[in-house]
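One structure, as structure tokens, below. Some questions next.
Labels for the chains are A, B and C, by order of writing; each one numbers its residues from 1.
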Amino acid sequence: MLELRDITLVHPNGHRALDGVSLRVARGERLAVIGPSGAGKTTLLRVAGTSLRPSQGGLTVLDESPWRLAPRQLRALRARIGMVHQAAPLPPRLRVVSAVLAGRLGRWPAWRAIASLLHPLDSAGAQAALARLDLADRLFDRCDRLSGGQLQRIGIARVLYQAPALILADEPVSALDPASADGALRELVAQCEHAGATLVASLHALDLALRWFDRIVGMRDGRVVFDLPRGEVTREMLQRLYAGERAPAPDDLDGSARAADVPAPELMCR
Amino acid sequence: MTARTMAQPRDPLARGRLTALVLALALLWPALHIAQFNPAALFDATSLGVMGGFLAGFFPPATDAGFLSLLARATLETLAMATAGMALAFVLAVPLALVVTRSLSISRIGPGAGRGPAAALRAGARLVLTVFRACPEVVWALLFVRAFGLGPAAGVLALAITYGGMLGKVYAEILESGDTRPARALLEAGSGRIAALGYGLLPGAAQELASYTVYRWECAVRASVVMGFVGAGGLGQLMDQSMKMLNGGETSAILVVFLLLVLLADGISAVLRKVLA
Amino acid sequence: MRASAPAPAVRPARNWAGMAVLAGVLAAVVASFAWLALDLRALFTAEALASMAHFVAEFFPPDLSPAFLAKVGWGTVQTLVVSALGTLMAFAAGALMALPAAGRWGLPARAAARFILNLLRSVPELVWGVLMVLLAGLGPFAGVLALALHTSGVLGRLFAEALENAPPAPEQALRLGGSGAAAALAYGSLPLVWPQWLAYGLYRWEMNIRMAAALGFVGAGGLGQMLYFHLSLFQQAQAATVIGAMFVLVVLVDGGSARLRRTLVAAQA
């Protein structure tokens, strides 16, 4: 389903974002990537989502080598990958219904996409996706009327509507309060179970990671430190992973998710 | 379209958009009729043939010596027309702008006589500026050609009037939009308007005023060519004649020179604006 | 404005460049008048003024007979429609061209699109007018085409620049989801640039109402053609009415466009 073989990514300024990362994810698995800031979690997801090209190493996504594909086939592949971005990239004047329907742009012909912009062609579908995140009543509002947390949930709704085979979520609940975060993750996991999707998410909140995900991958300084089923992750491992970071220590696993250094989603909406 | 098991929620914007669409179509139909919209005419064999022959003549452009010297004279004439026209426009615009600018109005400072008449004068001057601006310069040019005969004089005067109106309005806007307190202080202390302008408003606004003037000169060069089509001389008149004779070679040569001239004016304008900054 | 310094006053360097520019400009102006051999004083001799006064007097009173007013009204509507249709077509064409011109289909397409747009806007409207009259015959259709061709060059370039200045993140996120270029643009960048595009379109309409009148001179119908016709026949009274109508039309369109722009700005809030 998803396989990274010895992936290395060096930025132009010399910084090694990923260093020899190997990972294999089977279909239907639920994987959480955790680690301190700058560990390379976002970079990992972006490489897996074909947004970034690695400097070295092999990548197989959904049984394809993305960098060998023709543009049209790459497009088709990307339509089957759903990215939940840390800060929802939604233009302010776009309406929520169109923002959610945009999930299927990879499957719709251009004329249908443009027509749907003028008159939404599947507002029921969009509403169903939003209902799973308690936002059904904001269906026809404009994005600039919503808070950062609501926008983040709309980003998730878009991916749910897209119904992809692989979901890559980068800090998907960083701006949500604990109850909403729980609910959102529940929906993402349900998408896995009922639609057979594979889910890889990076999270800051360790309690959420341990509660919802079967497999935990710890990253630090661009390397995979451990890759274990959740039952085998010990407190010592977590403390070593986060050693030296000022984020909530592994001891405070009391359910308070703190978005330590996530840029406010509002910045994207300008 | 996907099968729907539940009803589609109603889009609140749908009705408004539908109405707008219906309205637009209702207006479009007669509009197409009024404009004698007839795409079929574009594919008429004879006119395509004429057009094709004309366009084919574009290559090579005419380069015989006699024509080139005509071209050079016409270019200089166009440039001279634009410059002279702008100079006159400036002369017209400045006094009008001075009258219209509220920041130079003595009567508006505090109570005192003369408020009513002064406001009326300002309104009158504003009206004059609007009238000058409303008619396109080509129309003025046509009128002046009828009055004074063919030649660049008509174009110069047409530019003077229309661009005088534009310059006057924008000068007044620039003078009013900057920091007006120095001027006001000077006026309150009893200085005359010109002094208030020179010491109060000008230092801050000079760059913007100059920048706009240079930009207008660039537009004037283009407008001069357009006015030539109604007989005001320069490149425009030459192009009109060549096109009427369906001489593709001459037309393409003039077009090339025109494009180069516009580029030149653009370049001079950019340099001047940088220097004046 | 230089504040007087208490320290030993050093004379600020004179702005040599500025003074040189000023001198150059003055020289150019003088040279222009000389080249054109324009003797403005000849304009103000008694006989010149008298003949001008006579010329102007012929325009008054303007012909306000109902039959002629109806014709002028029709010409006004025709000019208005020509300007509106031409601008509308140019808006659509410019929007379509903005996609490649903003680089969404790669660099070669961008260069080609920009070249075409530059060509379209460099050729003045009247030249397009003459060409379109050749192609489509006399009448307002040629005017619509001429305006559409020239203005699409102008608007296409403005639209493309607005697109290139817009933040790319929303559109890129959509491309990453497998969207095609056009759909990603429509959902990602268009909502950001749409108010600007509309403002440009309305502003061009204001310019085009003037050009639509002028295009009549080369045979594109409307008020311009009427004016040319009546002036050629020395029917100054009728010409005066037409000029008055032009004036009213321009003022109306300017006002309407300004009001539309204000409501649009308010709607964005």
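For this structure, a couple of remarks:
The criterion applied here is as follows: a contact is a pair of C-beta atoms (placed from the backbone, for glycine too) under 8 Å apart; a residue touches a chain by one contact, two chains touch by 3 or more.
On a predicted model such as this, the values are computed, not experimentally measured, just so you know.
Among the other chains, A has the CA centre that is most remote from the centre of chain C.
Chain C has the Cα centre that lies closest to the mean of all protein Cα atoms in view. Comparing the chain pairs A-C and B-C, the larger number of C-beta pairs in contact belongs to B-C. Inter-chain spacing, taken between the CA centroids of chain A and chain B, is 53 Å. Centre to centre, using the average C-alpha position, chain A and chain C are separated by 49 Å. Centre-to-centre separation of chain B and chain C, using mean CA positions: 7 Å. Put simply, chain C touches chain A in their complex at residues 167, 169-170, 172-180, 182-184, 186-189, 191-192, 194-195, 268. Residues 49-51, 75-83, 85, 89-94, 98-99, 102-103, 105-108, 110, 113-114, 117, 162, 268, 270 of chain A touch chain C in their complex. By the touch rule above, chain C contacts chain B in their complex via residues 1, 17-18, 21, 28-29, 31-33, 35-36, 38, 52, 55, 77-78, 81-82, 84-85, 122-127, 130-131, 134-137, 139-141, 143-144, 210-211, 213-214, 217-218, 221, 224, 227-228, 231, 243, 246-247, 250-251. Residues 95, 97, 118-125, 127-128, 139-140 of chain A touch chain B in their complex.
Residues 1-2, 4, 6-9, 11-14, 17 of chain B are the ones touching chain A in the complex.
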